[in-house]
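Across the two complexes that follow, subunit A remains constant while its partner is subunit B and subsequently subunit C.
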Partner chain A sequence: MQTSLSQEFELEVPKENKRNSGFQHWLKKEGSAYSMVSMYVILFLIFIAAPVVVAGLLSFTNFDTIQFPRFIGLKNYITLLTQDDIFMKYVLPNTLQFAAIVGPGGYILSFLLAWILAQLPKLPRTIFALILYSPSMTSGVAMAVVWKTLFSGDQTGYLNSFLLGLNIIQEPIQWLQSPQYLMVIMILVTLWSSMGVGFLAMLAGLLDVNPELYEAARIDGIKNRFQEIIYITIPSMRPQMLFGAVMALVSTFQAGAIGVVLSGSNPTPQYAGQLIVNHIEDYGFLRYEMGYAAAVSVVLLIMVLLLDRLAVNLFSSEDYL
Partner chain B sequence: MKKRGLFHYSAIYSSGINPKGFHPSQLKFYILLLPLAALMLLPIIFIFSNAFKPPDELFAFPPRFFVINPTFKNFSDLFSTMSTSGIPVSRYLFNSIVIALVTILASILVSSTAAYALSKLNFKLKKTIFSVNTIALMFVPIAVTIPRFLIINGLGMIDTFWVHILPALAMPVGLFLLKQFIDVIPNEVIEAARIDGASDFQIYRRIILPLIRPAIATIAILTFQATWNDAGISSLYINKEGLKTFAFYLSTLTATTSTGANTVAGQGIAAAAALILFLPNLIIFILLQSQVMSTMSHSGLKG
Partner chain C sequence: MKFMAESFTIYGMPIQTANFYDSFRYGNLPIGVSNFETYIKLMTAAPELVGLWDIDLYPATVLEDGTQNRYATGSAQSSIIFSKTTKPEESWEFLKWWMSTDTQVSFQERLIVNYGQTYLWNSANLEAFKLAPIPREHKEVILEQWQWLQEPAKIPGSYMQEREISNAWNRIVFNGVNPRIAIDDSIVIINREITRKMEEFGYLQNGVKVKEFSVPTIDMVRRWMENAD
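Let's look at the complex of A and B:
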């Protein structure tokens, strides 16, 4: 026994040593790199990756936050598609309408304004860029004060008073409480603040396009500024265009709380401003149906993912034009 | 001949992209921009104007957009009132300032070290980490509020100072912009330092950090906007009133004024608080805007 153990031991020692030196070699070569990324990676896993995984898992369960989640298969998704009238009648159409206008609208507006700014000398360009960017610096909380005063429902509200004075309307309108105006105001307010990081990126991209390309294009027979944008500007700043598109996408869906902020209630009046994000909060934090809310989250994440694929296909480096 | 050539060039460079001076062809852009910029500026001007209005102007009928007799009364009211739970307003402001400062410093450290490793060092998971982070650029935090809540609750972070800071440090856009910026630094500079015997940490501290100041300024701004303006963390994860932020305090003001309970006093201090919340964003951006623009030149995303 003793001998065999020591034999084993003797046999093991060089092996262990070799592995150890392999580890030391790895530590020397990649150790500092891993120690430098580790903090970010750990935080990323906890606060970004794990919530997505948990949302996926919970979406197959029934979970009321008190009892342990109970596996129920696809039932949440089936309920969402077949029985959730509010989702089908209000939330989904509202979200599609809001996203279809605010997403591409804000994006095209950002690009056009960045393009116009790029045609101006540095000082006026900087001043205008600051003005256009400043709405995106405001927070929902600070702006709630402003919007509630400007769109106040009685005759002392600024918009009502202005329109009454011009005789355009005869009596004050409950802007933020009436279903037919809430969505319009949500869209306008979000468009107002849509010149954010993506806008700055596209402005920087426009300024970096090699001016010789424009000269060459003129020789090649490009006639007007519009052709210039389509054939020279956009293709040469494709990476910034894609970055801007991704940022527009995120801020569109991230802006989902605006209806609740403006109207001051979740659900919004007659579900007029109800978006998927509000629906998730409604089920998660008001009704404590966490499993169902998670299923809605997964649907939202898939929507964002698909739209992102679309943006990548539009601006990917290969097969363009 | 030479003179004509010069004239020709100055004409080109004052029209078209990034002109050097004024050119009549730019007039149409000013005509388009001026009214739009004025319209977009109105709500911002309103934040300023409203904050300095005395009570009789706040409730004047017909309402007036611009303040006539500006006063600091709203600000002194703001700091002399207590919140409904007996916490002085200065406490919320103090919390917000500390949280913003700590988060900015930690975010710069966490993102810039990771960005340096992803850009200039070689290791096995490098490509995977960067491409996962690029996918996470389109991560919509608001979509996973509920699982995030469950995880933060499970980690015992409810009612702690950390819940304000740690989640904000995982910022895919920040890492992305920093990494793109570091990519531009020539490898020769780093190789030369390595031959001189510098370790990876020394290279990061002595060479990379001084060269990426614009990108760091950009990360600082983005982190500041995300934390300073945030009321969601205080309302979701914090029950202790003494740990909540100024943005959260402002959100309680607008909630109470809509019910009409303390309308008259409430609107004035809400207007003052809205200005205090907005102003630092504006000042910091004005100070750092040229750095932000040079960072954005490298923001390109390859599909």
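Let's look at the complex of A and C:
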């Protein structure tokens, strides 16, 4: 009985194989995987890939959102490099200063705090992780309630009334309107709300490091915890470090709204808080020169891509990427 | 410009108030120059101040010959009919109906009946405004100030003007720059932007005027009003 059944079975299978063409065979094996990914791929193409391509194309045109774009070649890029003095005097230095402090600074801060949290037992660690992560989620509400009252320009603002009471200053300082202080405050507020997804990923990576490595290292002669961090912890959590670095990079260069919200005016007074995203919005939405704004955004994209390559070279190892 | 900057640097006016409405109620600030929104807030949401406060005309600048200039801006929304429309007559009839006194008055009344006193509709129709439910003394002040309504001419590139005035004020108050120098720098920037936009729209070509751009002045607006039906 069994053999006859198996014989029948054996007769069935080759017939089916012959009837299947290459495509149907492929479809059976990998079709379901592709169909599950297709949802994401379609949305990615529509919302991320297509706008990038269109922005690249628009950057070579003159487009004022009402008439059809007029092709003008590289003129936008030439204007950006030679004639745009707001870009050269304010936007580029501001962006580089902001990115240099908030990017690595926020990243190192995230790593240090994650490392400190990894030493704690489970319950305090969870509570502190929630406390440190919440600013990145609530930055809008926190902005209105905390930062604007803290740095408010009249004598009733918290910082002003504190300093006035101690007689350190005689008149209230305009924190959010003065070009000297606005940048510093923007950096502070962004650092405070930079413990985002990258922080959580690094915490997870830290907790995942094999404790046997630490024991082996102690036997091998590592003297203090600092050496432990450099030689064992960081190399073991390279994927998480890379993820944190990319997230920090992207969010730093995308930060633009913070200056506008803090100072209450767009563009910020004397362009003190003008970052490259503000510059793009200025040319795009206030002056209706979409082609030029697209050109600036392509420059931003190239900057972020270059730095991203740098981060990948620094952090990735052959096993993962 | 000098007046704006000096009132903060020399005369010590507080540069920023977190909320004028609150400060007024607490008695911290006795006087202020503000807009219709603050007026409505104080009228409807400050019951303890009823009858204790009043409004007056804008502070005037006194010119050399003694005349007082109280010009201030006041426009909020406007209506537009595109020249390529296929229904110009109907659009005009619709706008005439919408801005007619009866429509404006009944719209105003319906808003207040449905949503409360805070939805006071500030009609552009003077006759309708005269029937608005606010005290008569306030109405007289507002109607008199309305005579001094003037907007800065909007030409391509004029957004730069507002921005640069703000920046110049900032430079004077925070960096201590001389007002004349600050304004001179701003004028250069504003002119450059206006030139750029004129080139873009085809009024200038390589610096040579090709088409005439008519800057709307207040006399022109008055003439348009007289020539309309």
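Here is the rule we go by: the second predicted complex is superposed on the first by the 282 of 321 C-alpha atoms of A that agree within 3 Å, B and C clash if a C-alpha of one lies under 4 Å from a C-alpha of the other, contacts with A are read in each partner's own complex, and residues count from 1 in each chain.
Following the convention adopted for this analysis, a residue touches a chain if its C-beta (ideal position, glycine included) is under 8 Å from a C-beta of that chain, and two chains touch if they have at least 3 such contacts.
This is a predicted model, so every value here is computed, not measured.
Looking at the shared chain after the overlay, A:267 reaches subunit C, while subunit B stays out of its contact range. When the two complexes are overlaid on their common chain A, residue A:149 makes contact with subunit B and with subunit C alike. Shared-chain residue A:34: touches subunit B; no touch with subunit C. In the superposition on chain A, contact is made by A:157 with both subunit B and subunit C.
In the superposition on chain A, the chain among subunit B and subunit C reaching more residues of subunit A is B. When the two structures are aligned on the shared chain, A:52 is found in touch with subunit B, with no touch to subunit C. Shared-chain residue A:207: touches subunit B; no touch with subunit C.
Shared-chain residue A:116: touches subunit B; no touch with subunit C. Once the two complexes are overlaid on chain A, the subunit A residues touched by subunit B in the first and by subunit C in the second are 148-149, 155-157.
Subunit A meets subunit B in the complex at residues 29-30, 32-34, 36-37, 39-41, 43-44, 46-52, 54-55, 58, 113, 116-122, 124, 126, 128-135, 137-150, 155-158, 161, 165, 192, 197, 200-201, 203-209, 211, 214, 237-240, 242-243, 246-247, 249-250, 253-254, 256-257, 264, 276-277, 280-281, 284-285, 290, 293-294, 297, 300-301, 304-305, 308, 311-313, 315-317. Subunit A meets subunit C in the complex at residues 62, 64, 148-149, 152-157, 171-172, 174, 177-180, 265, 267, 269-271, 286-287, 289. Residues 12, 14-18, 28, 159, 163, 166-167, 170-171, 174-175, 200 of subunit C touch subunit A in their complex. For subunit B in complex with subunit A, the residues that touch the partner chain are 14-22, 26, 29-30, 32-33, 36-37, 40-41, 43-44, 46-47, 50, 59, 61-63, 65, 109-111, 113-114, 116-118, 121-126, 129, 132-133, 136-151, 155, 166-167, 169-170, 172-173, 175, 199-201, 204, 222, 225, 228-231, 247-248, 250-251, 253-255, 257-258, 267, 270-271, 273-274, 277-278, 281-282, 285-286, 289, 292-294, 296-297, 299-303.
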